Every structure is written in structure tokens, then in C-alpha cells.
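Can you read through this structure? Questions will come right after.
As written, the chain order gives the labels A, B, C, D, E, F, G, H, I and J, with residue 1 at the start of each chain.
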Amino acid sequence: MDTKSATGPFANLPPVLQLLHEAKAAQRKTFAELAEALGKAEIWVAALFYGQAKPSPQDLQTLSSVLQVPLIKLRGIGGLGKEWWPYRGLGGGIPTDPLIYRLYEGVLVYGHPIKAVIHEKFNGDGIMSMIDCRVSVEKKEDPKGDRVVLTFDGKFLPYAVW
Amino acid sequence: MDTKSATGPFANLPPVLQLLHEAKAAQRKTFAELAEALGKAEIWVAALFYGQAKPSPQDLQTLSSVLQVPLIKLRGIGGLGKEWWPYRGLGGGIPTDPLIYRLYEGVLVYGHPIKAVIHEKFNGDGIMSMIDCRVSVEKKEDPKGDRVVLTFDGKFLPYAVW
Amino acid sequence: MDTKSATGPFANLPPVLQLLHEAKAAQRKTFAELAEALGKAEIWVAALFYGQAKPSPQDLQTLSSVLQVPLIKLRGIGGLGKEWWPYRGLGGGIPTDPLIYRLYEGVLVYGHPIKAVIHEKFNGDGIMSMIDCRVSVEKKEDPKGDRVVLTFDGKFLPYAVW
Amino acid sequence: MDTKSATGPFANLPPVLQLLHEAKAAQRKTFAELAEALGKAEIWVAALFYGQAKPSPQDLQTLSSVLQVPLIKLRGIGGLGKEWWPYRGLGGGIPTDPLIYRLYEGVLVYGHPIKAVIHEKFNGDGIMSMIDCRVSVEKKEDPKGDRVVLTFDGKFLPYAVW
Amino acid sequence: MDTKSATGPFANLPPVLQLLHEAKAAQRKTFAELAEALGKAEIWVAALFYGQAKPSPQDLQTLSSVLQVPLIKLRGIGGLGKEWWPYRGLGGGIPTDPLIYRLYEGVLVYGHPIKAVIHEKFNGDGIMSMIDCRVSVEKKEDPKGDRVVLTFDGKFLPYAVW
Amino acid sequence: MDTKSATGPFANLPPVLQLLHEAKAAQRKTFAELAEALGKAEIWVAALFYGQAKPSPQDLQTLSSVLQVPLIKLRGIGGLGKEWWPYRGLGGGIPTDPLIYRLYEGVLVYGHPIKAVIHEKFNGDGIMSMIDCRVSVEKKEDPKGDRVVLTFDGKFLPYAVW
Amino acid sequence: MDTKSATGPFANLPPVLQLLHEAKAAQRKTFAELAEALGKAEIWVAALFYGQAKPSPQDLQTLSSVLQVPLIKLRGIGGLGKEWWPYRGLGGGIPTDPLIYRLYEGVLVYGHPIKAVIHEKFNGDGIMSMIDCRVSVEKKEDPKGDRVVLTFDGKFLPYAVW
Amino acid sequence: MDTKSATGPFANLPPVLQLLHEAKAAQRKTFAELAEALGKAEIWVAALFYGQAKPSPQDLQTLSSVLQVPLIKLRGIGGLGKEWWPYRGLGGGIPTDPLIYRLYEGVLVYGHPIKAVIHEKFNGDGIMSMIDCRVSVEKKEDPKGDRVVLTFDGKFLPYAVW
Amino acid sequence: MDTKSATGPFANLPPVLQLLHEAKAAQRKTFAELAEALGKAEIWVAALFYGQAKPSPQDLQTLSSVLQVPLIKLRGIGGLGKEWWPYRGLGGGIPTDPLIYRLYEGVLVYGHPIKAVIHEKFNGDGIMSMIDCRVSVEKKEDPKGDRVVLTFDGKFLPYAVW
Amino acid sequence: MDTKSATGPFANLPPVLQLLHEAKAAQRKTFAELAEALGKAEIWVAALFYGQAKPSPQDLQTLSSVLQVPLIKLRGIGGLGKEWWPYRGLGGGIPTDPLIYRLYEGVLVYGHPIKAVIHEKFNGDGIMSMIDCRVSVEKKEDPKGDRVVLTFDGKFLPYAVW
């Protein structure tokens, strides 16, 4: 149990992503505002800031302009340009941060039931794609305590039979 | 890489849950139909069939009647009655079934972005509860391929400060 | 992610402990009632039911009488008599049941702070004993939601210097 | 078995937290004294020093003043300000420090008994929250050896049924 | 290093799959012959025999007839009928059988190069589907030693941008 | 779940390999073009760029010339010259990047079937070599979505009997 | 965290060793008494009872006579006779039983210091043999609490230089 | 640290291999004697007894005759006949038996040096085959203590360049 | 199998401990000599040099004087003074150094026997403390090869019953 | 699956060992030549270059002279002199480099057979020492492909009986 991960949200990211996080903080922009500027969804933009999505050249220009970061830093060597491809999957294993662990716990507790219902509801053998998938987080106000509505909207992919 | 998990969906469950699965198959009931009979949600009922939710005495009576299983088997020794409490979390570690792995991959790829957006959107330090949480799977028809809409609707729990 | 642990609370215990759990259910006794009969604390009795504490011969007699289990089953071969010593530690690794995981999460989140405060408060180099330790669970009623008060009362053991 | 964790209590923390630890040492303040200054509890303050709690802007000002650390270092880039959210869970896996391991051992030995008693005592299916939870460490003097009283006071959260 | 996996090729499969393997041996059929009878590919049929593919009702009838196994055993309780869904992924972790390990070694050694070339060749951000994927094993005679030609033919799935 | 691998495709490689990647980007060469210049296959060249293949002195000269990198950097100390031997196997364990994970999933799902068919088809006890093996990635255009054709062409090695 | 190891001290041993444990209990013999009868040390005899030492034919005869177990059961098929060799090492990994864990903790805390002192004291490069090693446990009475004196007396083996 | 592997040398093998071990014991044959009868090497025969080599039909006949085991048991269902292929690799992970661990320690301590010398001595990029490899154990008498000479004689396989 | 731990005995320790090791080497002091100067035991002093024990202010003064290291470096920031508490347990997991592994092997082979004998000899349920424990390494000359006598002298702690 | 080990053969070694590797490359010496100069075996010298063997003062002088490295760098602080002891075992776990993995595979496949034959051939309970062990790699020319002959020549150590 070492203490090396006892850091803020972007301490271990590569420099170009730290730069984006810092510029976002300096410009006091929210992911929602950046999403609007980019014409993308909020979670997709956050995924980009964690190196989990690939921006288009236009996205980089918009970010450069909105966050006042030189474009060359975003698309040059060590940047997020044409040659860069996301290496996805932050870490692996079992998460320790309680917020992220709860998502993992959702897999432990509801994974088999979700599998059973998908098979039944789609009347077929297949999976929900996590590639052609859109993720969203919405806030639902509730007098008994506001709620987080987290949605995965993924294409059903039937297993090949050949 | 052993082959012991190369089994059908309920081979390793305790006898009372296998009995439920078999009765459901014999009666050709879907989880949706059982959910209607029980006045519960589809995923909750599937969770019950995997030992991940606790039925009320009334739930057991309804199941006994709809699935034609003797009530004593459902609430007696080795059953799901008053003395039984779910021991949740099917296995731990990293899932190998591709459908369930995709959910885990969702945590790997989108876990940090989800955390970042929740903090931002709720303007606070807290988590999404996986205890006070309702899970649903819906089928969305789409000419380019039907889609699975998986939703977690969980209460936002702010961290105690004391 | 296999399903073998998808069982009730005592399915994997050795027969003598399963017998105790079943007798407790049949006699509709709570741990609190058994604790009173034995003159022990509630958690200690529950620990005994999970093979995590060693009963005295008198404890076995009382259990035999209160739960109407033949004494020979409790202290004979395969029982909990003189030759039996607890093999403590249920499983190891990272728990998957959400209730037990929360205790582990308490270690992840508050372990270093607790260590720091113990060192400071006891002005010394040592640990809190988990051997000479009494554990209790109390219910504290609260209009905003009842609370669980879990207490570990363990002896401070200074490190030997020699 | 490498030796990388053979360090003092704050060697692997990010710079802003090391700075806080060093300032606390230089000012010879205890967590109890800081807790009084902040109007918070001792363990909460220690948690803050390990990056496991989020300070308010007022907390940062108080710390800046009491510990004589420039405020800009505490809330600027790389600091603990508005944009910073705790990434909780120091390390994961099985702890090696004996003091922290004893807490983990408490989960191994008493985890199932605690689960059983909570279910019984609250007469329901749920968990003890580790989010809405207050942790304290008290010293109880005892002629046979002083004792550590470690208390987790967490809200009982019933499982959703939907 | 236990010896429990020191078994023949189908010792740990569920009874219905063992039955299929034994009937195949008794009837001295090859996977190629079964594939012809079923109008499917050889690897797909072998996958079915390891519980990694879902047969149609017609497939079960053909197998029943070709292998002289009563149909009721194939599609009844504990069988591979309508209610059965493959739980895929034989074991997880790192394989120990040298033939299977070599495939894993292919991932270790050529995984990053394959990723780089796919990104470059498809000029895009996406993956090769392992769901819509056909696998084949061909024997290529060669005077210097016959060769195995193993082919994965999977659909390119571009990452969603939303 | 730390974030240290949240980097671009070559951030953790040793300097000489980073240099190659950067020069390739600067010269806007594809692996296919480099393969043609070197008279090698595309995947082999990509493997070289990840330290998974050993270049000949002539290969280094060609790369130096095509990518305009001083030859001394490629074959001097810290380079890829005569004294350098690949240390193959990028990381081990279970991959987290979805593209690479799919290859691993192919082993989980189709490993046993492939083993069974190889034994049957080669009528013998042996393996497919991953040393004397050529790997290729081809793009197959398809109106329903282009396909990746990944081929391993490895020598069959019979087990020694002695 | 499963519960399968929540058993008494000999529940998972092979039948012949369970038989020895039960006979020892029935005859109310201590390891010390058996050690005297066998002319061996107490820990060696206990090691034999856990399958960690190989008895001589004479040892089996003595055990048969002292514990009143038929000799054929001890040296026949499934027994501890000429064909039987200990498969040493009970389980591996990190122990969970607190008594055994403390021994492991001794390795974690004092392993490097012990290594340093052995090198220094023996003025050479080598190890302490765990094969040519005698282990003993003695009770040392002490008014402040009796003490366990655990001794490993192993041959120093210098590293070969060749 | 469970005790399940505390067994004799063949307790976890499948029945047909246990039968072979027991017949060998009953007939008081050594592996050397069986090797002579089979015209094979001693280690190869021992490998066969642990399911790590594939016998020819003639081998099975010889074993049946020498060990007086009915041939049908050796080549029928559950046997080692035409349909049976070794599933090699006894367990994986890190061995706990000290004799086997020493072999693993040889890999830890001398693995890199062996790699370096092979590359240098064969002046090339390749491996030592463990498939086309003969293993032997010889006893070398020595007045200072007899020695085990363990030899792996494996073909050098150069890496493909394509 | 990376090579990062292929270092000398103190390469990964924090600077203050490296300083102590280097000063000890420069002054050509043995742990035995330092132990005499400090009035402590040899292993305790070695433990201090690996960050596994807490020195008193007087100990630091003595070390400063004997090893000619400025006192400020030993008790200032980053030092071993009042604010420093050992974070014990060098690494965790399974040791790879053969000398330290042998100690771990002692736990694997003799752990259960030691537990059994302690229970029997102390006629009670408890453990040997590794906190109130003194460790020593003695050299015993022997014509057949000198021996290492490693002793753990720890207090017996009975389990609380409450 | 990170890429940090994607380095050349000595990138992670401590500086003094890197220096040796670089000097060996600069002087174009083989391990065989160095072995001759030192009067040692080839593998032993390679082991020294990976920090797995302890050189004598004379060895350091010879190396200094043959490789033209200042002696002070070899035996001063951070060097390999009197105060330095090998910390053996390069990494642990399961190797990923195919050449080294093959050695590990040898343990998986032939470990139990080797154990069985050693017990039988030495007619006793003991191990092959990996401490008093000489390792060699020889090249055996063969028209069907040259072969690597890897030999471990280790002392048989009988288990103590006491």
C-alpha cells in the first residue's frame, strides 16, 4: 500500500494532458462549456482530457483557441496530433478511488443480471459495444437527495456465426 | 487458464437459485414477465436470481406461485428467507466473459472522465451510490443496429466533513 | 469472475458451523440473545459462528442447550472442542461484498491518517492490537437515517527496542 | 520485495502535501491542534494531509495562516483549490505496515461477523456508509496498558428495491 | 503450482460438453467433419464444444443425429438450448499450456505493433472486433516443416465520437 | 488504477525508440513505406519500433537514411546495434487498451478450440511457433464495414519424444 | 473473500493426515509426547502431521503403535510410505491466519536486516539453508507475559563461484 | 495459505494418471525401469505420468503389460488414447515446493545471464526451444556430497525476419 | 520480470538511510560495532538502517558522532527525527532474493506446524507478537559447516474474549 | 500492459552495472573472453554483470584493467566492493521475454517429473541446491539446427531430520 497515487486528478498524465487540465483551470472552463465549444458531449471531452479519446485537428484548434494554449503544443511532438492514438484503459486491476470503485462494484453486483437481461431482451447472443457507445452523466434533482444518472448507450453486436 | 467456468449461466449458483433458474426456464417466463408479477424492475429480478438482491416474504410467495416451486424450498433452510442475506459481488477480479468485460472496460476507459464530470456537475465532493441505485437495460431500435441503453440512477452522496 | 461465492452467509463453512447457523435460525435466536446466554459480546459470538473465535467447554454446553444441538456434535471429531483452534482470516485479498468492502475502503482511505494520529496521540512507536481487541456494532437512531457505530477497542502495543 | 516504500510517512505524496507535512513539523503542530484551528475532527485533518479529504477555501486560508505557508501554494496550480478533487485510496492491495495491516486483519477476522450483526441489528439489507462516515481515534488510559478506541460512525444505507 | 489442471482436454467442462466430446471420440468424427455436417466452420464448431458459441436448435438436432446423442440431453435442463447462453472466456489470467501460451505471447510481442499498423492502415481510431470475427486454422505444407496459418478476420469498429 | 499509462503510443519506450517514432512522424512515413524501404514486412517494422525485433546493421543504415537520424544514435551506446538484443514482451499481465485486449480475448475465447483443431489437423502433439512466425495485418474492404485480417503464419513444432 | 478456509486445523489435509490428527486427538497425545516416542523434535513431528516431512518406515510403525492406527493405512496406497514424498509449502501467497501472518510480517520487517547481518557476520556471500535447518518453539515464562522463542538453526551455505 | 496442496505426489491428477502412479508403486518399478521398457528417457516417462507428454499406442500397450493395468483403462474414455492431448503446465504462478521452487529461482537468478550468453554464443536473435528439448537428470557422485546434473538440450530457434 | 530491483542493498532507500549506509561503509563499521555504541542489538540497528525501527534522539546523536554525519541531516526535514515514524514492511508479496526467500519458505513449510505447537504448548488461543519481539542472528561454528541461528523471541498474546 | 520494460538488456540496472555493460561493448569483449581473463565460468561472469554474483577484490581489479574502467568506480560508493552484496532475483513473477519464459515453461512442464526422478534417483528426501550450483550454456552443432545445452549442476541437499 504505497502512497504514490495520493495525487490530484491529473498528476500522472503526460505533459500535454496536464497542460490541458491546467489551462482549463486557469480559464475556469467546465467540461460542459468546452463540450459546447467543441460540439461534443461532456463525457467525451473529459475522456479526451484523460487521453481516452482522439481529437480531430479541428478539435485541437478549438481547444487551442478557447483555452489559450499554443496550437503547436497540442499537435506537435509529444502532442495529440495525427500521429497520436489513445492508449486507453487507465491502469487496470481494481480501482481504489471510492467513486470509481462504485462503478466497478456495479459490474460485480449487476454484471450477470445485465448479461441475462440483454440476452433475453435482444433475443440473441451478443454484447453491448463499448466502442460504438455514448456515455453521459446527468444530474436529476430530487428532494431526497439529487441523483446521478449515468447512461451507456451502446450498439448491440451479435456474435458472428460462420 | 482452466476450464472450470466453461459453464452455462447458473451452474455455480447455490441449489435454491438453480431451482429458480430452472423453474423460470420450465415455465418459459422472461425476467420482464416476472418483474411484472412481482411489481419490481427487470434487472432487480435478475439480480435476485443471481443472489444479488434480497426478496421480501411476499416476493417469495409470488415466485412460488408463478414458477410453481414449493414455498418451503424458497424460504426454508438453504433458501432465501428471513435468515438469508445476499453475499454480493460475483467473483471479483477482472471478468472474462466479453459482455461483462465490456462493462469493466467502461470503468477503465470512462471512469476518470465520469468522476471528473460528477465532481463538476454536482459542484461537490462525493460519489454516486451503488446501494441506492436503480439499474435498467432498455432496447432502443435503430436501423443501423439496435442499441442497448444501460442506465445507473444512483443517489449522489456528499462526503462527510466532520 | 466466477459465481461460486454467490451463496448465502454460511454455505462454505465447515459442517459444525453450518449446523450452528441452522440451529440459530431454527430457534429464531439473534446473536444478541446468544451473547446474553453466553455472557459474551454480540460480535464475539458472531465471530464464533464464523470460526473466528475459540469457545470454552462451557460455551459449547450453553450453545448445545440453547440451540438444542447435541453436545457431541459440537465438541467431537470435526467439532470445536479442545483440539480445535481457529484458523482465522476469511479468505484474504480484496472483499467483494459491498458491506465488507466498505470496511476495507475504510483502511484504504483512513489507514494512513489513523496511523499518523495514533503515533501522535500515544506519542510513541507502536500499533493497535487486533488480538487484545474488542469489537462492537451499535445502532444509533438518527432522524436523518440511523447510523452504525463500529468500534475497535484495542490495546496499544509499543514496538520493542532491544 | 523491493525497498521503494521504505520511506517516511510523506515521501511519496505530491509536493503540496509534503509541504503541509513539513510545515506542520516545522511549526510543531499536532493534528489535534490543527483540528481545533479548523473546527474539524483530528482524523479528518490527517486525512486532508494524505490527500483523502477536500478542504474548503476557508480551510486553506486557515492552514496558510496557522502553518505559515503562502496561500498561493495551497490553492494554485498543483494545489488543493477549487479544481482539485481527492483521488482516494492509498495504494490498494494488502497493506504491509503492521499498524495498517492490523486494520486490514480486522476486516479479515471480523468482517463476516460485523456483516451478520449489522443485518440483524438493523433488521434489513444494507451497508454502513464509508462516505457519510466519521472516524475517530481516542486514547483510553488503562493500567494494564493504554488502549486505542477507533470508531467508525457511518450512516446505514438500505439497498434500493425498485 | 497445483496439479489440478493436469487433465485431459475436457475434464473440467460441464457434463453436456463432456458428453459431446465423448460422443465425438466414440464416433471418430473430426471437427472438420462436424463442421461440414453443420454447415459451419471448423473453429466455430470447436468453440461450441468448449462452450464458447451458441448453437441453434437446428445445430443441436444435427449434432444429436450425427453423434447419436439423445436430443433431450442437448437441449433439456443443463443443456445448450434456448435458455443457455455461453459464458465465454476459459479461465483468464496467463495460460500455462504451451500451445495456448504462444498465442498469448503473440499478444505480448506483437500487440503494440498490430495496434500501430491497424491505426495507420485504417487511418482511424478503432479496434478489430472479436465479436464479429471469424477465426480459422489452416495447414500449409512446407518442406522445411508444415505451418499453421491462424487467421482472425474481424470487423473494424471505429470509436464513437459524440 | 493509476494513470501512469495514460500516454501516447511511445512515451515509455527507451530514447532510441522514441527517436525513431518521432523521426517517422516528422518524415510523415508510414510503416508500409518503411517496410518497402527495408524490404521487410509492415508488422515486423512496427515490431522493431517497439523494441520487439532486432535490426541488421543494414536496416539501421536504411533507417538512418530514410528517417534522417544520425547513424551513431541508432547503433551507438543506448542504441540498437550489435550489442543490443530485444527484451521482448511489452508488460505482461492483462492488457487494458481495448484494441490489444481484443487480441487477448481471442486467446480466452478461441484458445482451446484452436488447440483442439491444431492437434486434430496436424494429427500430432505440438505447437505453433511464435518464433518462426510471420504476422500480418490486412485491410479487407467490405460494404458492411471494412475488416481487419490478422494472420499468424507459424511453423508447426512437434514435441520431442526422447 | 470466500469462506472456504474457515475450517479447523486439518480439514483440507489428505485423508491419511486427517487420520493422524484425529488419532492424536483421540489418544490425547501432544506433539511433545509423540516427539519423545519417535525420538524426533516437536516441530518436526508437527511438520509430519501437515505433510511437510517424510517419515521413515520405523516412524510409521511407532506412530501406528502409539496412535493405534493400522500400519497399512499409514504406508499403503494413499499413505506416507516409500512412494510418498512431501509436496511442501502450504498454499503460498500471503497468509491470513494472524499467527502465521506474524511470521510473514517478520520477513517483511526484518528480512533485509537479517540478510545484512548474515552477510556481515559470516563475512561472505551465501544464505541460511531452510533444508538443513532445525526449527524449535520454546516457552519462556515471564512475569510480564510468557514468551515464545522460535529458533531456526540452519547451515550457512556459501554461493558457488565457478 | 490453504492446505489443499498438502498432498502426496499424485493426489490431484486425473484418475488414469493416479492409476498409473499406483500401479508403478504396486509393481515397485522405477521410472528408470519403465524408461528402459518403453525405450524412452526417464524424465520423459515421468512427464507422461504427470500428463505432460503424449504416449503412442505402443507406449500404452507396454505400460499395460509392464504395470499390469488393463489396456482399456489406458486408452478408453478418460484415458490417454488417440483423442487425448496433454494440457501442459502444472498450475502456473510461483511454485511452493522447495525442490521445484529452486528451479524457478534458477530462472530468477540466472535467466538474464543465460539469455545474454545464448545471444552471444549463437551470435543471433533467438531462443532455446522447450518443445524440441530433451531433459535429463543425472546423479554425479561426489565425496563432498552427491550432485544433481540437470540438463536441458533444446534446439536453437532463430527469430523469423520477414 | 523487470530488472529494476537488480541493485545493491540500499539503492531504493530514502536519502537519509542511504547516507547512513554510506557513512557506515566509509567508517568501516559493522552493525555489531554500531550496536555496541548505541547499546542496542545488532538486528535492531540493521532494522533502523532499513527504516524499520525508530531511533531515539540519543540514538541519532550517537550515530551522528560515530559515523561522522551532521546531526541536522539525521533529524531535520527528510530525516529520522521526532516527526518521523517507520513505515514498516519492505515491499510485500513474495521475496525474490534467495536469502530472504528462505525465510519466507520457512513460513510456507513450518508455519502450520509452528501454529499447532504454540497452541499446544501455551495451552491457549493466541499468537506470538511480532511487535514485542526481539530478533537475533548468531553464528554457530560447526566443523560440518557453520550455522546461522536465527531467533524470534516474542511475547505470547492471548486472544481477547469479551 | 505498459511499455516500460521495452528496453535493451541493461537499461534498468544500477549505474555501475550499466557501466560494465557499456565498457564490455566498447571493448568488444565477449563473456567468454572475460571469463577467461577472470578464471571464472561464462555464466558466472554474465551473472555478475546482472548483479547476481559477488566479485572478489581481485575480480574487480581484473575487470578494471580488461575493460579499462577506473577501479574506484567499481569498488567505491555505489560500486561492487566489500560492502556490496547481491540482491538476487531479477523481478519475480512470470517472465515475458520469450527466451526467459521458455526456462520458466520448463519448470511448469518438467518440474514435477524432475522432482519425482530426483527423489527416486537419490533415494531420498531433498532438493537440488541452487546456491552450490554451477550453470553452463554450451552450443552443440547439429545439421538439423544447432542446439543449446543448458546444465545446472547442483549439490543434492538432504532434508534435515531432527
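The rule is simple: a residue touches a chain if its C-beta (ideal position, glycine included) is under 8 Å from a C-beta of that chain, and two chains touch if they have at least 3 such contacts.
The chain lineup, named per UniProt: A, B, C, D, E, F, G, H, I, J = Cyanate hydratase.
Values in this document were obtained by computation on a predicted structure and should not be read as measured data.
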| item | value |
| --- | --- |
| Contacts common to chain G (Cyanate hydratase) and chain I (Cyanate hydratase) (chain labels) | C, D, H, J |
| Shared interface numbering between chain D (Cyanate hydratase) and chain C (Cyanate hydratase) [over half = same, under half = different] | same |
| Comparison of B-C and H-I (more C-beta pairs in contact) | B-C |
| Chain B (Cyanate hydratase) and chain I (Cyanate hydratase), separation of their C-alpha mean positions in angstrom | 49 |
| Where chain B (Cyanate hydratase) and chain E (Cyanate hydratase) are represented by their mean Cα positions, the distance between them in whole Å | 28 |
| Residues within chain I (Cyanate hydratase) bordering two or more other chains | 1, 3-5, 9, 11, 50, 52, 85, 88-98, 100-101, 105, 108-109, 111-112, 115-116, 126-127, 129-131, 133, 157 |
| Listing of all chain pairs that touch each other, if any do | A-B, A-C, A-D, A-E, A-F, B-C, B-D, B-E, B-F, C-D, C-G, C-I, D-G, D-I, E-F, E-H, E-J, F-H, F-J, G-H, G-I, G-J, H-I, H-J, I-J |
| In the complex, chain J (Cyanate hydratase) residues that touch chain F (Cyanate hydratase) | 1-9, 11, 21-22, 24-26, 93-98, 101 |
| Residues of chain I (Cyanate hydratase) touching chain D (Cyanate hydratase) in the complex | 4-5, 10-14, 17, 50-52, 77-78, 80, 82-85, 87-97, 100, 130-131 |
| Partner chain I (Cyanate hydratase), residues of chain G (Cyanate hydratase) touching it in the complex | 9, 30-32, 42-43, 46-47, 49-50, 52, 88-95, 97-100, 102-118, 120-122, 126-130, 133, 135, 137, 139-140, 142, 144-157 |
| Complex contact set, residues of chain B (Cyanate hydratase) against chain D (Cyanate hydratase) | 40-41, 44, 53-54, 56, 85-86, 115-116, 119, 125-127, 129, 131-134, 157-162 |
| Parts of chain J (Cyanate hydratase) lying in touch with chain E (Cyanate hydratase), wherever the complex brings them together | 1, 3, 94, 96, 98, 101, 105, 108-109, 111-112 |
